[in-house]
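Following this message is one structure expressed as structure tokens.
As written, the chains take the letters A, B, C, D, E and F, and residue 1 is the first residue of each chain.
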Amino acid sequence: MTDSPLTHFDSTGQAHMVDVGAKTETARIARAAGSIFMQPETLALIRAGSASKGDVLGIARIAAIQAAKRTGELIPLCHPIALTRVAAEFTIDEAATAVHCEVTAECFGRTGVEMEALTAASIGLLTIYDMCKAVDRGMRIDNLRLIEKKGGKSGHWQGN
Amino acid sequence: MTDSPLTHFDSTGQAHMVDVGAKTETARIARAAGSIFMQPETLALIRAGSASKGDVLGIARIAAIQAAKRTGELIPLCHPIALTRVAAEFTIDEAATAVHCEVTAECFGRTGVEMEALTAASIGLLTIYDMCKAVDRGMRIDNLRLIEKKGGKSGHWQGN
Amino acid sequence: MTDSPLTHFDSTGQAHMVDVGAKTETARIARAAGSIFMQPETLALIRAGSASKGDVLGIARIAAIQAAKRTGELIPLCHPIALTRVAAEFTIDEAATAVHCEVTAECFGRTGVEMEALTAASIGLLTIYDMCKAVDRGMRIDNLRLIEKKGGKSGHWQGN
Amino acid sequence: MTDSPLTHFDSTGQAHMVDVGAKTETARIARAAGSIFMQPETLALIRAGSASKGDVLGIARIAAIQAAKRTGELIPLCHPIALTRVAAEFTIDEAATAVHCEVTAECFGRTGVEMEALTAASIGLLTIYDMCKAVDRGMRIDNLRLIEKKGGKSGHWQGN
Amino acid sequence: MTDSPLTHFDSTGQAHMVDVGAKTETARIARAAGSIFMQPETLALIRAGSASKGDVLGIARIAAIQAAKRTGELIPLCHPIALTRVAAEFTIDEAATAVHCEVTAECFGRTGVEMEALTAASIGLLTIYDMCKAVDRGMRIDNLRLIEKKGGKSGHWQGN
Amino acid sequence: MTDSPLTHFDSTGQAHMVDVGAKTETARIARAAGSIFMQPETLALIRAGSASKGDVLGIARIAAIQAAKRTGELIPLCHPIALTRVAAEFTIDEAATAVHCEVTAECFGRTGVEMEALTAASIGLLTIYDMCKAVDRGMRIDNLRLIEKKGGKSGHWQGN
């Protein structure tokens, strides 16, 4: 029987947390991004809060960073990872009436941190949804994706 | 000073977990949905696994259900909620080369379960990403949104 | 298609957290028990510690109680439950060179607390293993089982 | 043998999570407070950040609220509690070169929320320590205490 | 005063998380096993589900892997460990009307992973109990034990 | 724009988990301490329990050790850390009618363990509060502080 190209399954199709013990420790970076689209009035409230009070994006940033640390608990086959850096950046896009989020995660370890960056971006955007849902239930999270990955055997990868 | 329409902030702009103690307990339902888009070859691997071995969608379903229970830990201002039901359905869409996910969450309580449904869908889709990323790093999660909400003072709401 | 007698699956075989929203809240009790068997010398160390210093059983008791509260995170399809009481009792059995553990869990709610009692007993016994493994790696946990259950539609059940 | 006045122990001295199943559900409120003392220069940095950027107190507030929800995991014999409200207020005290924190926690349930308020205040103050420790390792947390408690059999209690 | 042979206690009998800072990092493996015994009809339902729908063992496998990652939270004096591999195998035993579980855990670190393997096996078996308890409350978990350990100062150990 | 001396903020004032990837791994130790003050009668109950039954301090010690392991989840910008040792010592002070707590935390890593020691001491003292609050609601936690720190670029630091 040939192995599945899906490495989280062994040759009999059973899921496992794959063996990374033989991999060398290298510096690893992943960047992920996503967006939340909303009504112009909602975006105006977020912008107003960021400047003075009711800081939606400041709270979303903390939620994103904390979620990165819990990725191994949330994604069943992820390895626990000792992150060395997490940063989350939110940008208000008036034209698109959206907030864009970009998260960078880093570690020095045996496996990549793509899931940490993606999970952080996802929870950051959901936190914006939570805080604004009383005024805009129809917000939509879109285009959550990996945009860059460095380190490890597979080297440098860039999306868009 | 007038209150912010963003109820998670008090009149001075400080974040709080809003008081729901005076709300009546009612049956509450929320449905959320989202999609992950991928290469046709990746979708073929998922379909093959679901039928026989390497069950990506079965594992994503468990991750979604477990994430619903942890929502209060992930989203800073969410209340802890005693969920009475969570179900997650995944549909393979050949035409769009995507997997669609729909989650229903229910409770009998003082506040809604929208965030539980959205968080579950998000983590379910990220679990698919995790299991297929070795063959397709460019997958994209899109259109994560609330599609229905019942119960509580605000009544019935439907998106699309 | 007929439904599975395994209620955690819907009629198409998909796992879900079953709907308990329509159940009435009743007082519920579950008792679970299990044992760990060991060398007589190991049991003597545990007995000595309980009397004066190095209180293995006191620490196992706390681990059991704390694990009961985390059951919903550990067992994928368990509901989150607001436990109203947990007690864990350990008994030294010289004849069998074993420690027996019995846990009682209670709640006032819509679903039973069997898994909470069983998980607590299991983690309590594993904590004994952890603390004594430096002197006795061959310890064995046996006979972990539900011994009683009250409340809810299914009424009173007793095992042995 | 007479029972210990410490209710977390049974008559043989074994710890347990005490039975609250027979208590009636009432509205319960607890307020706790504490302070962190520091160098005037450190306080000036916190004040500057609160006004414009580097919002130490905004992050401490989120940490406090999230900690309140995890109290049952941290304090071994605490019951899990469905909090209905948490608010954390920080006050800058120039004269004392300190930040004071006051947390209010509420639930509608069978047991009090003192530990939730105290744990939240404690983690909020520790978060201030964490964010300022690079410039002031000698900060000191003082006077962490319960200041008010309402609801339940013991009625209204006020400290100072 | 002589030290206790129970290394989790200091010379005065106080529990601590023992110092492993001076140990060298080596590859470490632990294998643990256990069984759950049940009615023949229950085993038939599990077997049927594994082949087509209602995959009890697939869900138990995920629960086991996730529990391995939480061991440090559950067992009070365990060190947090960066696992590099976890695999859980379930075998249906018609003659014994039982399901056997074997878990392998690995890390590259300063302390062993016995507790991770044992905790994973335990939670995997409890998940089977949870999913089948509606049809068979009398199931029994037996013979949970360490079967092999490699790495570290104590070298290779095998049980049976 | 000059950087803030508060390193948890970047030059635009956004919070992040600071990059420690380039730091060398060294042995790190932190010691923290704090006290809880109470009525003489309460202290007498704690002393009685420590000697025979109702071991408040034994339970507080376990709570402290477990909290040290969860620090990264509680303090938003803390790095996850693989602790190699945690010890918590409680001293009864008759003259001050107080219990003093001192925690030592150690790791071999890229960042310090001050927050782990402080969080452990804080939760240990709160656990004493929890177990004695039925007899003494006015207990007060005071003087929680770092007392020593070794390892890393900043070298040896001692408080008092």
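Assume contacts are C-beta pairs under 8 Å (C-beta built on N, C-alpha and C of every residue); 3 or more make two chains touch, one makes a residue touch a chain.
None of these values were measured; they are calculated from a predicted model.
Any chain that touches subunit A and also touches subunit F is listed here: D, E.
Taking CA atoms, the transformation carrying subunit D onto subunit E includes a rotation by 180°, reported to the nearest 5. The pairing of subunit A with subunit E is characterised as different-residue: of all residue numbers used at this interface, under half are used by both copies. Rounded to a whole number, the gap between the C-alpha centres of subunit A and subunit C is 36 angstrom. Remark: subunit C and subunit F have CA centroids separated by 31 Å (rounded to whole angstrom). Centre-to-centre separation of subunit D and subunit F, using mean CA positions: 15 Å.
Touching two or more other chains at once are residues 14-15, 55, 58-59, 62-63, 66, 70, 73, 76-77, 80-82 of subunit B.
Shown are all chain pairs that touch, namely A-B, A-D, A-E, A-F, B-C, B-D, B-E, C-D, C-E, C-F, D-F, E-F. Of all the residues in subunit A, the ones that touch subunit F in their complex are 27, 58, 61-62, 65-66, 68-70, 80-89, 106-108. Chain contact summary for the complex, subunit A toward subunit E: residues 10, 14-21, 72-73, 76-77, 79-82, 109-110.
Subunit D meets subunit A in the complex at residues 55, 58-59, 62-63, 66.
On the subunit D side of its complex with subunit F, the touching residues are 4-9, 12-15, 34, 45, 49, 52-56, 59, 62-63, 66-67, 70, 73-78, 114-115, 118-119, 122-123, 126-127, 129-135, 137-146, 149, 157, 159.
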